[in-house]
Amino acid sequence: MATIIYISLAFLLIFCVMAVMSHSLLKSAIYLALASATLGVILYVLGAYWAAVIEVSVCSGLITVIFISAISLSKIKKEEVQKLYSDKKRMWFLPVMLIVVGVALIVLALANDLSLTNTAEKVTEDFREIFWNTRQADIIGQIVTILIGGIAVFVLFRDDEDKK
Amino acid sequence: MFNSIGEFLCHGANLIIFMVALPAICGILLWLFQKQYIVKLVIAILSSVTNLIFALGLSLHNEFFTRVPYAPFEFEFLFRVYDLCALFIVIAAVVFVLITLYTVIYSKKKHYGGLYLLYLYISFAMVNGALLSDSLGSMLFFWEGLLFPLFGILLIKNNNNPKTAVKTLTLVGLSDLLLMLGIIITSHTAGTQNLSEIENLAISGNGMLGFICIMLGALGMSGCMPFHSWIPNASDDSPTVFMVAFPGALQVILGVYLALRTVLDIYGFVPGSGISIIIMALGSVTLVFAAAMMLIQNDIKRLISYCAISQLGFLVMGIGSGLTDGIVGGLHSLIDYVFYITGLFMISGIIEKQFGTKDLRQLSGLLKRIPATMVCFIIFLLSVVGFPGFNGFLSKELIFNASLKTNVIFYICALLGTFLTALSFLRMGMSLFFEKKNAPSEIKKESKSSVGMLIPVVILSSLCIGIYSQNGLVEYALGIGKIAGVTFALIVLFAAAVLLAVFDYIYGYKKSGNALNCANHIIYAPGIKRVYKSAEKGYFDPYNWLIALVGGFSDICVRMEHGVSWVYDKAVPGMVNKVGLALHRFDNGRLSRYLYLVIGGLVFITFVFIIIK
Amino acid sequence: MNYLNYAGEAFLLIPLSAIFLNNICNKRFIEKHFHILTGAVALLQMIAAVFAFYIMDANQMLNFDFSVFGSSKITGIELFDINPVSLVFLFCIGMVAFVSVMISIRTIDVKKGSYVNLLMTLLIGMNGMVMVSDLFSLYVFLDVIGISSFVMIAMFRSRKGLEGSIKYLIISEIASIFILMGLSFISMKTGSLSFKDIGRNLLTNTFELQTILIYAAIILMIAGFSIKAGIVPFHSWLPDAHQSADTSISVLLSGIVIKIAGIYGIYVLTNIFGGIKAYQVSLAGLGIISVVVGALLAACQSHFKRIVAYSSVSQMGYILLGLSTGSTLGIVGAVAHVFSHAAFKSTLFTNAAAIHEQTGTLEIDEMGGLQSRMPVTAFSSTIAFLSTAGIPPFAGFWSKLLIVMALWGSGNQILAGFALCASILTSAYFLRLQKKVFFGKTPEHLSSVTEVTGSIKFAEILLTAVTCIVGVLFPLIIIFLHSRGLI
Amino acid sequence: MLNFQTIMLFVGFLMIIAGCYCMIRTYHMLKIIIGIEVAMKAVTMFLILAGYMNGHMGLAQAYVITAIVIEVIVAVVFAGVTIGLYKKYGNMDIRNLTELKG
């Protein structure tokens, strides 16, 4: 199990950095989707099956769709974007910083013998029961959030009232 | 009746409701009815007289404590009424009746009348609260509360150019800051905040710092030397009613009260110690400096402002001596001060309103035109100088006594101050009353004078004719036996100083032919006639030196005035403004800067956690 | 107890049903009568809060647990909890929402239906946030508040509105990330995130990664809630967002949202971690910085609403100072200041709406001499200013007094002194505002300005009355609450 | 010894650094939401890691699902506001947004 997690973590980090540093927004969105999928793998391996499914379907599906529609709504030419923003040039420092911080963290942890350990035994509980029975407050919150999403689409994307 | 009122007030929250909240509410009422003159007058008289009755009730009742409303918490909000504070409350209440009467009549048709009355009443509520409170914290709180109405009033007339207001706020705020520091240190050294539990702290180390801070703060509030310079400025561009109420009465009452408490109870103040010398020196410098500035003023209100400052110097000398004579004299002097300075400011308001000018060079022959006012004016002047038979006499003599006992230099300073005051009053009085000016047409046509404004002036002037001085009120409040009368020899010396002033005036008048210029020889070359004559011929070598010295003296006075003004006008507000603008410019609207700030804040909290842990 | 249950559910269900009603009714009908619907919801909220308080007082309860939609199947897990403090917050929410509706009658011409929807979701978010008993649910409702606010600011799609909205959104998302990180670090050690299960026993003195992470969680959560509350140096979004929104929305944001989203979160943290020294010091440090910097920045602004927004930053600092003491007195002072701030800040924004309606501008350099033309507005703004600066006998005075006393009592005399000095700055910037707007010469183009009428005038008078009455009765209220053992 | 939980924690830190760095440095508005998403991925991972460590995986999944729903709605609102700005300014440069300052 640990091996899969290590490999996926490496991929996850690489995809995230690529998403941040890539020139083209389309590529960024795709890298983000890939990172999401990798995260889904990690969640699955850790035993969070439901969360993994939602992560893959919603994050790497829905959010990518939103991005791509937003990108296509803004009709800026690709070359212009690169000239204007030149993210790769401006962000060259990021990989260096990540490597330095990562090495520093590992050295610190090894030097002080710091590591995370499991605090309790695994409890067998059904996700659905927990979710529906004890997280009702969250469910109300979710419903309202989705409602706001609907209102937001109605308010922010509709064109007609601008013309008035 | 008074006793039952006192009984009523000393229970529960009645004290704070009737002494503090009631004036504030009356102020709001006055504001709401600002258009109805009669209603305003009735409310003002009723409320101030009610307050006077309450004050008398408190003063006749025995000493008591009361705690309001935060007793449930670990924090006590204590009030204590006893003889000294009752005396101050009564003084404040008496003056307040007259001030409100004067104010309502004065500002009859002024647009700012209602708002001004609101501020006045709020400040009066604050003064009451500060006088009553027995814990340093709540006293400080009420003290702070006085600042805002002060600032607001100064803005009223001159809200396009709030320089004076800002200067006042910085000056009073600075003295306030010192006071705050002093109170913090004092309550820290004493281990308690309750004034009645603090007794005779040692003036050394922390105590020394606390004492100096409190004294500077308290005296600065009343306008003592390093914090005085806003008063003449305010006299230029704030309503006369403000000068009557604030520098004339409320601030001085409050400041002197705290200074007196500090010297008497809070700290173990030893007469003749170094700190006493310092305070007396402060007082005498204030006295001489302000009196010297009086000589060159051509504006009635400015002159009276400097007069107020110099009289405060007397007071500070008396309190600073720490001797019984000095403290009794100081307290007497406070009562006199409140009466005559308030009265003088009121008269300056009447003159300004009636003739449309307050320039001495344009006014003359007033004795025939407004005789009643001028009689009061003369009574006030005589009282200020300390003429026998008037109120100022006893207090001045007691302070002379005390200063002679401390050091002869202070005595000379006091005499010099009296001399200068008398001379400048002669100059002003003669020029106002008797002289014929060349261009009387420059004076505006007399507007109709209001009899109502004269009422408080007459009452004050009758209070200034020595009626009460001898009956031991002050001694009773301080809890000491009646003190002995004054020494005859000192009276002679004092009279000599006054006479000298008269002679000097006559000399100067003859020389210049003009009352206003009578002091020119003092300003440019003081000294006896012989020195002056020789000096005129230019034979004497010391003459040039003398001229340089004296010229330098008045020059230094003016320079100092300007320097102090600069600090308050430019430096402090400028700094606040600059910091604000720098922060303003730092926020350039870029998102990345916002995010950097967020990261910076996170780092700040992390640092706090690392350091504390 | 049943009644209390109904009252508690009402706080969530009334706004929900209002959304339902709003969307099934005829659009034109709603456009015409939207204020009746929203005003009724706000009034009902206030009534429910007072009613619940009355019942809790009659039964001498200090808190009441309940769950919505019938009782939970697993006993012992109650999802919501109301107590006197949350009832005070709920009452404030109702009050400010009512004021917002009063203003919106005059200022909002289009998208009235969306305004109602978003106001109701915002109400659900705020009500939920002060009632939940679990840190994660707290976060969920925090985001409900946040998202509603973003949409409300951007609603009219003006340049400034969109700009303020996107700045708020980005910085607010950072806050969400911080808070969620903190939550996950805490739950690494405890299984549950409910307030009861988290305590100081989390912190052991051993040097291990878990303990470090708990401290990191505290830091992150302070930062997150400080962002939401607009504490310096996390404040930069606040004036932008509050200036750019419509005034009826600014009054919500400045009057209540920053207090629920930020201050209530910090209040919850204080209940859990209040005893830690470093926590208190960092709150006090942030508080005093924002008191001073907020006031300094307010002193050099030229936009009416921006001045008032920076004043909010400064006042939030006072509340933080009160919370930093960790003592009962300090917390009571902070909650009281939440109430009085809600009252006087709503008054000031109502004044802004009145001035904007009548003169068409909010740049204070273009105004002057409005005192004689708009007496009610001038009067109410003076009262609000006096209350802000802490002049007795108005409401702001007492709450500030409590905070300063708490600071003094907890040994922070220097901080108390600073807080008092900052009052001078407060009065300085407000006097500048008053001077430029209400005094001085009237410019040509404003010579025909008249007093505002209708709902805005009504709101001004109402809020002024609240400030005055609460100010006068404050000692009695405190004594009453204390005698009932509620504080 | 470092176990995979610790490494996961560190990778999460690095991802949050990458996300915040992206938000600060980039000029493109849509890139900012990508930064936010990257950081949110790390937080999702932390939540599940916490659930793995304390044994309550069901609870952790409930948290994660709620968080994801909120994340999506935030992305929608962000896209809406961004497109509104694009219509006003003609591009998506964050440097345009300095009308409100001071």
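Letters A, B, C and D mark the chains in the order given here, with residues in each chain numbered from 1 onward.
Here is the rule we use: contacts are C-beta pairs under 8 Å (C-beta built on N, C-alpha and C of every residue); 3 or more make two chains touch, one makes a residue touch a chain.
Just so we're clear, the structure is a prediction, and the values are computed from it rather than from any experiment.
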Quiz prompt | chain C and chain A - chains in contact with each | solution = D
Exercise. When you average C-alpha coordinates per chain, which one falls nearest the overall C-alpha average? Tell me, please.
Key: C
Practice problem: With centres defined as the mean of C-alpha atoms, identify the chain lying farthest from chain B. | Solution: A
Practice problem: Quick one: report the Å distance separating chain A from chain B, using the average Cα coordinate of each chain. | Solution: 70
Quiz item: When the centre of a chain is set as the mean of its C-alpha atoms, what distance in Å lies between chain B and chain C?
Solution: 43
Quiz item: Roughly how far is chain C from chain D, going centre to centre by Cα mean, in whole Å?
Solution: 26
Quiz item: Once you find the CA centre of chain B and the CA centre of chain D, what distance in Å lies between them?
Solution: 63
Quiz prompt | Touching two or more other chains - residue numbers and ranges from chain A | solution = 109, 114-117, 119-120, 123, 134-135, 138, 141-142, 145, 148-149, 152, 155-156
Exercise. Hunt down the residues of chain C that sit against at least two other chains at once, touch-wise.
Key: 136, 140, 143, 147, 151, 154, 157, 167, 170, 174, 188-189, 191, 209, 240, 300-301
Practice problem: Provide the list of chain D residues touching at least two other chains, using ranges where the numbers run on. | Solution: 6, 9, 19-20, 23, 25, 32, 49, 51, 53-56, 59-60, 63, 66, 70, 73, 77, 80-82, 84, 97, 99-102
Practice problem: Write out all the pairs of touching chains, ordered by chain label. | Solution: A-C, A-D, B-C, B-D, C-D
Quiz prompt | Of all residues in chain D, those that touch chain A in their complex | solution = 1-11, 13-15, 17-19, 21-22, 25-28, 30-31, 33-35, 37-38, 41, 44-45, 48-49, 51-66, 68-73, 75-77, 79-84, 86, 91-93
Quiz item: In their shared complex, at which residues does chain C touch chain B?
Solution: 167, 170-171, 174, 178, 215, 218-220, 222-223, 226-227, 231-234, 236-237, 240, 277-278, 281-282, 285-286, 293, 296-297, 299-301, 328-329, 372, 386, 389, 391-393, 401, 404-406, 408-409, 413-414, 417, 420-421, 423-425, 427-428, 431, 435, 439-441, 472, 475-476, 478-479, 482
Quiz item: Can you list the residues on chain A that touch chain D in the complex?
Solution: 2, 5-6, 9, 12-13, 16-17, 19-20, 25, 28-29, 32, 35-36, 39, 42-43, 46-48, 50-51, 54-55, 58-59, 62-63, 66-67, 69-71, 73-74, 76, 81, 84-85, 87, 90-91, 94, 97-98, 101-102, 105-106, 109-110, 114-123, 125-127, 129-131, 134-135, 138, 141-142, 145-146, 148-149, 152-153, 155-157
Quiz prompt | In the complex, chain C residues that touch chain D | solution = 136, 140, 143, 147, 150-151, 154, 157, 159-160, 162-167, 169-170, 173-174, 176-177, 180-181, 183-185, 187-192, 209, 239-240, 243-244, 300-301, 306
Quiz item: Which part of chain D faces chain B closely enough to touch in the complex?
Solution: 20, 23-25, 32, 94-95, 97-102
